[in-house]
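As structure tokens, here come the structures.
Note that subunit A is present in both complexes that follow, paired respectively with subunit B and with subunit C.
Here is the complex of A and B:
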């Protein structure tokens, strides 16, 4: 049976179940875990961007007051490849004792030559980050059609260089775990996006049977792709606890967060587009490289290991030539980052498409509707343009009067959230009418508890307040990691199924034909001391629309740009998002707000700065790694395209994909020239407007970029594996 | 972290005595605690000056307003008489950090704060300002750095108040040994212009007591800054201006730029060029050109030149608006 058509909760706004606990401070996060005798852990990190570590002497640290354990990060000797790489860790009775002890650890290391800038790393004489492989990884190449002929016969061709920065993972709660050993059994409180995945990783790293490990994550403060695994810090925490014979808590600091726990790879994208006179794409050529950090090589779509991204993104042409490479530098490694690869891909292609539209004199919305293969997005552009007032607002680039110029832009997102079919849930109906739902998922801040609660209350026909959702525990039925925007589409059907089974048993044991709603109390009373349990699994028909039909979203942005100062203010962002069957409209909206804000940071503020000379991250703090604040917020207008017939789908990632692209297009529309590099800061705006004497790209940089692309072209290519991005 | 002792001074004289054992003065602590936590400063003694009598008030005496060193930026920005008579100062205070920071940060601390250069502030980098051999920003990442400097270090003065106070001809009263001395803003930062390790001209045992502001008839003032974010961000460039205004004519003009030099940046010829003339955008631009004539941008801070120019024009036009 499908989702009910008449709903009490489903699709309606429900305040998140744990909001009171969070705003009153009763919610306990990993950092709040305190156990008797618990020690503090901390990590000694490399001050060398590259070195051979020959010996580590822990004796003085171990002898320091309050220190109970000290270990090396790996068996010595080993190589460190970036500033911040883990060397050793200590545990002790106070945070200060531990920090002091770190300074007593003696490390014998031989520094190696290093390189922290992508353009430097590509040069033939650059130091190799990984000694036995070149810094420029194998290109991923693909070609269809006769590309050169297609360009030659196109009515309009544009070519541009579009660049994106390395974005750092900065969830408000940093990474960390607390670990307690009881004999050979281990309990870990981890700030994680996947309790089950963390258990598996702990078990294999520590060589402990999985059934001896329990991982808990009752509350956590964001992950965005950086918290699927225990991380080096989690493993070190567990090892310290074992070595000390006492529980240890190891939360990393904001400083460390900037070095070693993942980031979004950068990109340099050389894009050439051709179209006929109407704007229909005839050819797409894209060459790109970026850095995923100190490991390069095979691309994995913007996750760890590579700097490639879906290409061509969204738009297709009869002739397409793609080559994507990745460059190793001595810097912290990338990892999954909210919609891995997509915002990067979106910025390049959506910028290029707008430049093409301008060249051809075609309206940017029209060129998208003409070229977008997805019906949902085409419809969203139409609906969104109307709501946004696109026709009235869109003017020729740079044509608004006065020094503060207004501009508008738009862009789309592609996603395919899918689901995890193995997801399970357990519903227990108690004799007092209350219900416990157990799911081995975790709520990383998106409101997953409320999803569970809403589905159970809806299916059982009872008041929401009767349902308690229990999540974040490997003792609960297996659930997916919270990634790929698929938690909701995985867990909602499993809870549905569990409710159906529990209801069937309740009906049988109570003898009441329909125990829901008005009959609930009477039916439950008959259970006495033996609650009903229904064990549910994900099933077809409730959330599989997402896998059959790609998801789409579009966004529109309106900005004002002060052409004298270069300052960009985003006035308004309109989100038109394909939402399938909405479960909780309030948290759905909240997710979209967060996605837009993250996209705003990507567009205007955030950028990791690596120093060429010292190899350090220059902005390991919120002072100079800039995040959007309240005063920077635009009006965010959300139009959820509710399509119940598609079942439950996820929106956590797609809603952040097109924000930066739409803002960048709006900036270009406002000022009449493109700032083709994120983040769009005042210095870049002034330079693009020709107001910075002697600026723009210096000749040497332009030459280096050309040489880099030449090397990319000459690099060996592998045929890309098919990626699922429509 | 090094252990330190903590003492509360009851008089300015005892405060400067106590600080001499490798100590630092502690008021709001916004700047100092960050330096200690990052391992940049390791004082043996923290001398709490929050209890010193008579330096937490804003008061008038004849034709001089006095702002105590312990006045918080929140109090300064909200003080009705400061807002009325010295709007540029109130505006400069209101642009500092966040409300939480302004509630704690003090006037003295804002003036005495150390460099925010990201090389200087990095725990594992030894730059010229920290006794290293070279300024890493010169050949490195310098988008937030100076256009002018008299020494190797190119980290700019980022005190909002310094810029505003320079435009108001303020004097800084400092406890120096047993007596108090009075410095101009130019004197307060002269050493930072000359010497790489210096953040200002204060000796380790100099304690800022108060700021004195002369009341000048018909004088108007203003302060503008531009950051990369709308709020809670450092100025890329700031500009303070003051002048006696007669219609659209300005006299006794003080135009000062911040975040472009190790000191608040003034050029006498720029001030003089505006004297007694009706202000026009062209005149303002010409004055800005005089201010910026000696600018020597580095690899990525050249944008500060046009940015400074427009802030100068806007600040001057705001005076006659």
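Here is the complex of A and C:
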């Protein structure tokens, strides 16, 4: 049985069930958890970008007033690889006591040479970040067709260097946990994207049986990929609680978030494209390297936060040559970040494609429709262009008059949300007609609780208010971590299945043929003290369109660029997003707004800055690391393409992918020159216009870049077959 | 197959600067928000040098403030009794003088709606009302808030939701919700002083706040709806054949 065609709730706008709790302060986040006798935990972090830690003396800290436990982060001696690496942790009765005690910890460390810029780190004589492996990790290489011949016979060829920054997640609720031990049993409140995954990780790190651990996350304040694991901070919290014999809460600070809990890797992409006279791609060559932090050799798959990204992204050509590498620097390690790899990949290829279109004199929308292999996206470009007014708005680059230039641009996203087939759910029907749905998923703010509620109310044919969705507890049936935009596609079919089973039992026990709708109350009354429980599992036919058919989305942006100050203002973003079977159009719209706004930050404001001489993060706060704020909001116009026949899919990630690329293309269209490096800050705009000398490029030279790519070319390569994201 | 068109139509603010704008006149970071004399005096006492600031502030007024400040008994560092009027209720706590109002609320009073996000006046998640004016609770010492009416989200309504809260729910002016109590406080203060704000005024009132989930368009819509304005966000159903033909 597929999704019903006549819907009361499915696909309609539904205020999320937990919104009242969130606007009244009733919603308790991990940061808000208080237990009797709970201590504060805090971490002492390395002030050295690289050092051998030879001894840590905790005695004075332990003797300080109010301090109940102090531990080292690892058995001493150990090595620290970045500014902010964990050294020790302390728990005490007040935050003030703990902050005072951190200063009493004596650390004997021998500083080592370090390097914080990838163009320095790639040089042969650079200090090694990890002593026994080179900074430049093995490259992945792939070649199809005769690339050189294809370029030689192309009507137009462009070659450019496109660069992206290290971006920080900065969820407003920081990473952290509160841990309570009761004998050998542990309860952890964790701000996490995966309660079940965190339990598994706690169990293996602490060597505690899994059934002795319960992880709770009723509300959480955003993750964006940075909260899949307990993290060092979670493990230290559990160890402190054990050592102190008292519950401990350890939430990291905003400052620490910039140092140690993940980021989106940077990229330097040298892209060469060839096309025939109509704009049809004949050859794609892409070489890239970026830094994921202090571990370069590790995974380079975009999905886990490595420096490689899907390539070639979206577009294909008969001849393709790809080589991607990864460079270690002394900095905090990357991790998954909303659509890992995709915004990075998108910026490079979509910028290059626009440059090619300009060179050939082909319209940017036309060149996409010509080259995009996915039908959904091609149609989205047509619909979007019409709604956006592309024909009237698109002018030759830099041709608008006056000092404030207007420009437009577009770009696409590829995604495949998939699902977790092991997902389960439990529906309980009570004799008063109320329903409890239990799912071991969590709601990051994406509205997954609302998805559960809407699906249950729809399938049971009852009022939404009768259904309570319970999530965020490892005592609930196993659900996936919220990543890959697959929570909805995993949980909705499981709830559907559980409802069907519960209904069947209700029918049998009440003797009422169709207990839904008008018969509901009478049927439930027959249950007396024994509620019906239906245990459901993910099943075919409701969400598997996502695995068979790639998802696509496109966005259009209109910007104005002040050529005297270099400031860019985004006027409007149009989103055309493939949404499968929409579950809740209101929360879906919120999520798309959020994706666009995050993309806007990536395009114009956000960048982690590392100091070359001291190795510290220079902008570990919101004054200097700019997030998009209320005044920066463009008009956001959304077209959701509802396709029930595809089943439910996720949109949290795809909707953030093309925003920065579309904005960057709009800026290039406005001023007639490309700013090929994100974020597009005023200094870079002015430099591109030749009004100030090469800002943003002062610390490197073209020669250094050339040498870096030569080193990449010479690095050993593993030939990898990578999934083509189209 | 159908096509939804949802249009969160947001006019562009007149402010041309694309970075975060300066704190708004009515927002929590404004001079009227944080009691200037108190904080400046505390600042000067801590600084113990006046040469530089005297030049900018005017030597006379500085001298007067210093004299006033020095006449007071130094307090701390040990804990002392602090009386706070929170949501109409007078409560006494034992706090070190360095404890901020935010810490006092969250850790001592058990009021957790003001969130700790940046602790340095850049995000607005800790916003509470002090005598009806939004302030950043992370920027005020608890002892400074004595004798003033402190209102948090918990104290807005005894029964049900206020119009601002209701509109936030209906327009989905939130995602993770971590920033929401702060926005609710600033919007509550805005509508009190200006019952029918324009969208630009709403943006200004919000400009001392950050939302990493990017809920701004729906927050603006909620604020306008709460003030009786026309709903700006609507979702239309457009037939797929029509749209993709």
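Everything that follows uses one rule, which is that the second predicted complex is superposed on the first by the 711 of 726 C-alpha atoms of A that agree within 3 Å, B and C clash if a C-alpha of one lies under 4 Å from a C-alpha of the other, contacts with A are read in each partner's own complex, and residues count from 1 in each chain.
Simple rule for what comes next: a residue touches a chain if its C-beta (ideal position, glycine included) is under 8 Å from a C-beta of that chain, and two chains touch if they have at least 3 such contacts.
Treat the numbers as computed from the prediction; the structure is a model and nothing was measured.
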item: Room on subunit A for both subunit B and subunit C (clash or fit); value: clash
item: A:567 touches, of subunit B and subunit C: first, second, both or neither?; value: both
item: Subunit B versus subunit C as contact partner of A:18, first or second or both or neither; value: second
item: Touched partner set for A:629, first subunit B, second subunit C, both or neither; value: both
item: Partner, of subunit C and subunit B, that touches more residues belonging to subunit A; value: C
item: Touched partner set for A:444, first subunit B, second subunit C, both or neither; value: second
item: First (subunit B), second (subunit C), both or neither touched by A:130; value: neither
item: Partner chain in contact with A:596 - subunit B first, subunit C second, else both or neither; value: second
item: First (subunit B), second (subunit C), both or neither touched by A:96; value: both
item: Contacts of A:254 with subunit B and subunit C, given as first, second, both or neither; value: second
item: Subunit B versus subunit C as contact partner of A:374, first or second or both or neither; value: neither
item: Candidates 58-66, 76-84, 94-102 or 310-318 of subunit B: the single one with C-alpha clashes against subunit C; value: 94-102
item: Subunit B and subunit C contact sites that coincide on subunit A, given as residue numbers; value: 96, 567, 569, 604-605, 623, 626, 628-632
item: Interface residues, subunit A side, partner subunit C - complex; value: 13, 15-16, 18-25, 27-29, 31-32, 34, 94-96, 170-174, 219-222, 224, 251, 253-254, 379, 382-383, 444-447, 562, 567-571, 579, 582, 585-587, 589-591, 593-598, 604-605, 621-623, 626-645
item: Complex contacts: residues of subunit C adjacent to subunit A; value: 1-13, 15-21, 96, 98-99, 103, 106-107, 110-113, 115-120, 122-123, 125, 152-154, 156, 161, 165, 168-170, 172, 174-181, 184, 203-204, 206-207, 209-220, 233, 235, 240, 243-244
item: For the subunit B and subunit A complex, residues of the former touching the latter; value: 1, 116, 118-119, 122-125, 136, 139-141, 143-144, 226, 228-234, 236, 297, 299-303, 305-307, 310-311
item: Subunit A - residues contacting subunit B, complex; value: 47, 83, 96, 99-100, 255, 564-567, 569, 604-605, 609, 611-614, 616, 618-620, 623-624, 626, 628-632, 681-683, 686-687, 691-695, 698
